[in-house]
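Per-chain numbering from 1; labels A, B, C, D, E, F, G and H assigned in written order.
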Amino acid sequence: MKIICNGEQCDVAADTLARVLLELGYAGAVVATAVNGAFVPISLRQNTPLKFGDAVEVLAPMQGG
Amino acid sequence: MKFYGHEPCSRLLLGTAQYPSPAILSDAIKLSGTEIVTVSLRRESGATRAGQGFWSIVRDLDVKVLPNTAGCHSVKEAISTAEMAREVFQTAWIKLEVIGDDDTLQPDMFATVEAARILISEGFEVFPYMTEDLVVAEKLLQAGCQVLMPWGAPIGSGRGLNNVYGLRSLRAHFPDVPLIVDAGIGLPSHAAAAMELGYDAVLLNTAVAKAVDPVQMAGAFAKAVAAGREAFLAGPMEQRDMAAPSTPLIGKAFL
Amino acid sequence: MKFYGHEPCSRLLLGTAQYPSPAILSDAIKLSGTEIVTVSLRRESGATRAGQGFWSIVRDLDVKVLPNTAGCHSVKEAISTAEMAREVFQTAWIKLEVIGDDDTLQPDMFATVEAARILISEGFEVFPYMTEDLVVAEKLLQAGCQVLMPWGAPIGSGRGLNNVYGLRSLRAHFPDVPLIVDAGIGLPSHAAAAMELGYDAVLLNTAVAKAVDPVQMAGAFAKAVAAGREAFLAGPMEQRDMAAPSTPLIGKAFL
Amino acid sequence: MKIICNGEQCDVAADTLARVLLELGYAGAVVATAVNGAFVPISLRQNTPLKFGDAVEVLAPMQGG
Amino acid sequence: MKFYGHEPCSRLLLGTAQYPSPAILSDAIKLSGTEIVTVSLRRESGATRAGQGFWSIVRDLDVKVLPNTAGCHSVKEAISTAEMAREVFQTAWIKLEVIGDDDTLQPDMFATVEAARILISEGFEVFPYMTEDLVVAEKLLQAGCQVLMPWGAPIGSGRGLNNVYGLRSLRAHFPDVPLIVDAGIGLPSHAAAAMELGYDAVLLNTAVAKAVDPVQMAGAFAKAVAAGREAFLAGPMEQRDMAAPSTPLIGKAFL
Amino acid sequence: MKFYGHEPCSRLLLGTAQYPSPAILSDAIKLSGTEIVTVSLRRESGATRAGQGFWSIVRDLDVKVLPNTAGCHSVKEAISTAEMAREVFQTAWIKLEVIGDDDTLQPDMFATVEAARILISEGFEVFPYMTEDLVVAEKLLQAGCQVLMPWGAPIGSGRGLNNVYGLRSLRAHFPDVPLIVDAGIGLPSHAAAAMELGYDAVLLNTAVAKAVDPVQMAGAFAKAVAAGREAFLAGPMEQRDMAAPSTPLIGKAFL
Amino acid sequence: MKIICNGEQCDVAADTLARVLLELGYAGAVVATAVNGAFVPISLRQNTPLKFGDAVEVLAPMQGG
Amino acid sequence: MKIICNGEQCDVAADTLARVLLELGYAGAVVATAVNGAFVPISLRQNTPLKFGDAVEVLAPMQGG
């Protein structure tokens, strides 16, 4: 299924946020997620289905001023 | 001085960006004695997972982190970013930055006040990046902010304190509110001057990270901030227009 | 940096006048880490012998003394005072001060150059108090001075650096001469700024002695001078007119 | 004999700088001396006669900036 | 430069308050060549009818009047005042002033923007008194303002331009919007500097009215404003750090 | 104010160098209303005789000429140059310039004072270019100078007034001596500020000659100098730290 | 009838804004009026009744900055 | 005869300052002269002999600041 992850097209097999994260290599990573601009806490990733064209953001700690 | 109940010994807050290397970042933070550092959230690649490495470096520093909403231009963006930051960094603290102009990175105070209200209602402890506007300050306090962070000059400009009069007025109007000069500081003398005005702390990044020797510069700023604070407490002399001999005239010989 | 072969660790020199009490003087000097203090010669009464007590206090501080010719208005006065100082303080060092105007205590550079020539021929090691005049500086060096002490502002005024451009030019013209900003400093940020310009040291008195808490202020200046020096060595960032984000824009989320 | 010491008239019995210093209470004091505006080192005090009206300066360490 | 279609020759706007006498007010306005003066509305006594006399004096000056909402602290007050002013002065022009702080008379930009929206919808031509905030400026323009009036310094302080950097940024961001520096000007050199920055006009009152000789000072400001404008148009030289001989070196004699 | 008995109406003196063309030079001088212009002496070629053309242009301007000794580094050079200038320009006036440093074109005050003594003994009327040194000023007056010309900033730098404090002190010490700020002026606001300090006149060259439109800039400076002078005479308001409403509060409506 | 005019108590016979203005000496004066904080244009003064306790503001041109 | 005029070598026939000026094209020019660093006023040009190697300066009005 085609979704957008961090601004880039990607084709994923999984259909929940949690599984997509695993599929895309985020296993065990300290990241926060948003779907279509709205924050999705860890607790809801399991039950957050993804559908064609959803925009997923996966963010991690980075340098900041 | 307390930031939402937390009372640091060091009055110097540092950013973590633009350092030549992670090692230099760590050494600079350590030498500075800083207890609070700012961080951000950026896109993580499942392949490189760069953020994970950065995060472990910061964790090893054993300092409090103040996540920012840098680069956000709308209330919605800022709020989503804050929510994600809270989960990742496990802190209610958020440096609220809603940019209104890209040349000066001046904050949009309308959006900042609105975002502050919402975030505080969600339980955040907000550190708002602001101009020196007194009315804005009042609104942010009414919204529930317990710390204010007026700019000294545009982010990364290193110009120091562009509007000393405005900063002095702000300090005078809110004697009991923790005030941090955030952004624009270029030299330790700028930081000392901010503290001499009675500001509670200084937050900077570029002036340290972009110095030829960031570690030594971090130490310099730590001393300057302490010096400015001590001078404020020690009660400086009055400036005079005319000279006044320091050496006593009385008893001078006739030669 | 060496002052006639002597290399102090501390780049802060302090005067010994105007302190609320001898105890506070001692504590201020000690806390500041100052290794060189200025003193003067004044008439001693055979009855009270006040100077003897002061002298024992200074001796106990175990610092180098730099006697001054404060209040002298002529070459002759300055030379006699210097000769007497050399005997009493057992040092060839002399802070040469020949005042030309009483409102600003501006030095008379004609008399100062002439006195410097004579004193150096008599074996003195002269620390001349001067304006920021480049030609005067050249003449004093030709006369044999190995240290120069331009003013920041009139003695006791606490105004800071009245002519930053002139001080910067002086530093640029004599990169290898030990330069001390002497007089006019009012706040630690002034002292830090002088050191950031590349000056080798700062000499002050009133700003510490007349502070509400001189001891704490002495500590503040010690930190500020060190901060300014370290900043100079660390190579500060370039000042910019426009802002430059410290937090990276790349990787910013779309929210 | 009337001389001027540190700007004040005083009447002294002694007639050398060294003895006048003792007479005026400077015994053992750390002081530098001048007569009529000219520095007189310790070594010469003994042999420095004072005459009527001479102006003597006796200086000691003092606060300075 | 046009203010809502009106193009004055003089770029100096003057207030009408605080003059020693009506005669001096008239003479000052006339000598200054000012074509636009600010006025206010105050309570009139049926017995003394003081306002009637003032009004006839102003009418005789044959200048455009710009009524203000001075002293208003709320949107409602400002709007009622504007409505009353429009009827009395028979003009759609209004200098919108909504004060947010009494020590600095800093405008409340939230209330000012809101009031501007309403007044413009009622057909007013609004001259908003503002800070140098870029985002506020954008909002006022969106609300329909065709002129902006940032402060130089607090009203009546005579401090000049407290934040030159901020004023320069504002000018740069809105090259085509008529910008008037309003308030805080104390000396003609301040007014000239504002015009050299590219501002279109200057509005002041106290600096003229409270001068020892208001009439002469009015003339001085008229010249200074014209000088600053002409300098802006004439394209000033670049400032340099080093000296550059004005007299040619080539051809210098060997003597 | 008189310069050796001559009382010009205009308080702006202009240099004649660096203009794009002779026509622009003439137009700028005329528009400025300047009555005194500075000129120099340079080697003339028997073939081209360029100086002859320049001289006829200046003569046509019908202004007083003030020849300078620009570029001279020694007393001897300055004196020979002055003697030659007196013959060529048929005037006893000489702008005495003895340069001590080539980067800042700072005058050598030792040589300047010596040269002034000699020239005055030869019957010259000396306009000495000097620093703001009070003692030097005193010596030049004792030498017989009846006008002093302290620098604002290095020649051709356009930096304005580098040491306002020093210039203010000089003015205060010599209230009755004609004082001209010479060199360093870059903008009309600088010139106005010098006049507001109480200086009697301003001499500049580069700021006009190197403007994009020198003629218009000449007019701007003429206005600014007059404005600053009138402001000085008119007695400016006192600067205040707090705001003070210009519009009366009394009688404000309750709305 | 007691009303408040320009912040001061006053007792008037008339009962419209227009008549009160005449009664209080504003005949022919260039003034703007408000009742209870709201602007009342000239055209409406005639038909603006005043009742006990109304707050009337009568404003005229004054010095302004 | 070789002299130096305005810093440049030149070979002149005349042997007084006045004649050299004519020879070098300064007839009627508004100039001031110096020989070997010393000012020579117009009145003395006639009687100022030039010898081999003399340095002559011929100066005219020029732009100045």
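Quick note on the criterion: a residue touches a chain if its C-beta (ideal position, glycine included) is under 8 Å from a C-beta of that chain, and two chains touch if they have at least 3 such contacts.
What you are looking at is a predicted structure, and each value in this text was computed from that prediction instead of being measured.
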Pair exhibiting more inter-chain C-beta contacts, F-G or E-G: E-G
Distance from chain G to chain B - Cα centre to Cα centre, in angstrom: 55
CA centroid of chain A to CA centroid of chain B, Å: 32
Computed distance of Cα centres, chain E from chain D, in Å: 71
Averaged-CA centre spacing for the pair chain F and chain B, given as whole angstrom: 46
Multi-chain contact residues (two or more partners), chain B: 15, 17-18, 38, 40-43, 68, 70, 76, 80, 84, 103-104, 155-156, 159, 205-206, 245-248, 251, 253, 255
Touching two or more other chains - residue numbers and ranges from chain H: 6-7, 34, 37, 57, 59, 62-65
Which pairs of chains touch, using the document's own definition: A-B, A-C, B-C, B-D, B-E, C-D, C-F, E-F, E-G, E-H, F-G, F-H
In the complex with chain A, residue positions of chain C that touch it: 245-248, 251, 253-255
Complex contacts: residues of chain E adjacent to chain B: 100-101, 103-104, 106-110, 113, 131, 133-136, 138-139, 153, 159, 162-163, 165-166, 169, 172-173
Chain D - residues contacting chain C, complex: 6-7, 21, 24-26, 29-34, 37-39, 41-42, 57-65
Touching residues (chain side chain E, partner chain G) in the complex: 15-19, 38-47, 49-52, 54-55, 58, 67-68, 70, 76, 80, 83-85, 87-89, 155-156, 183, 205-206
Residue ranges of chain B in contact with chain C within the complex: 15, 17-18, 38, 40-43, 68, 70-72, 76-77, 80-81, 84, 103-105, 154-159, 186-190, 192-193, 196, 205-207, 209-214, 216-217, 219-224, 226-231, 233-253, 255
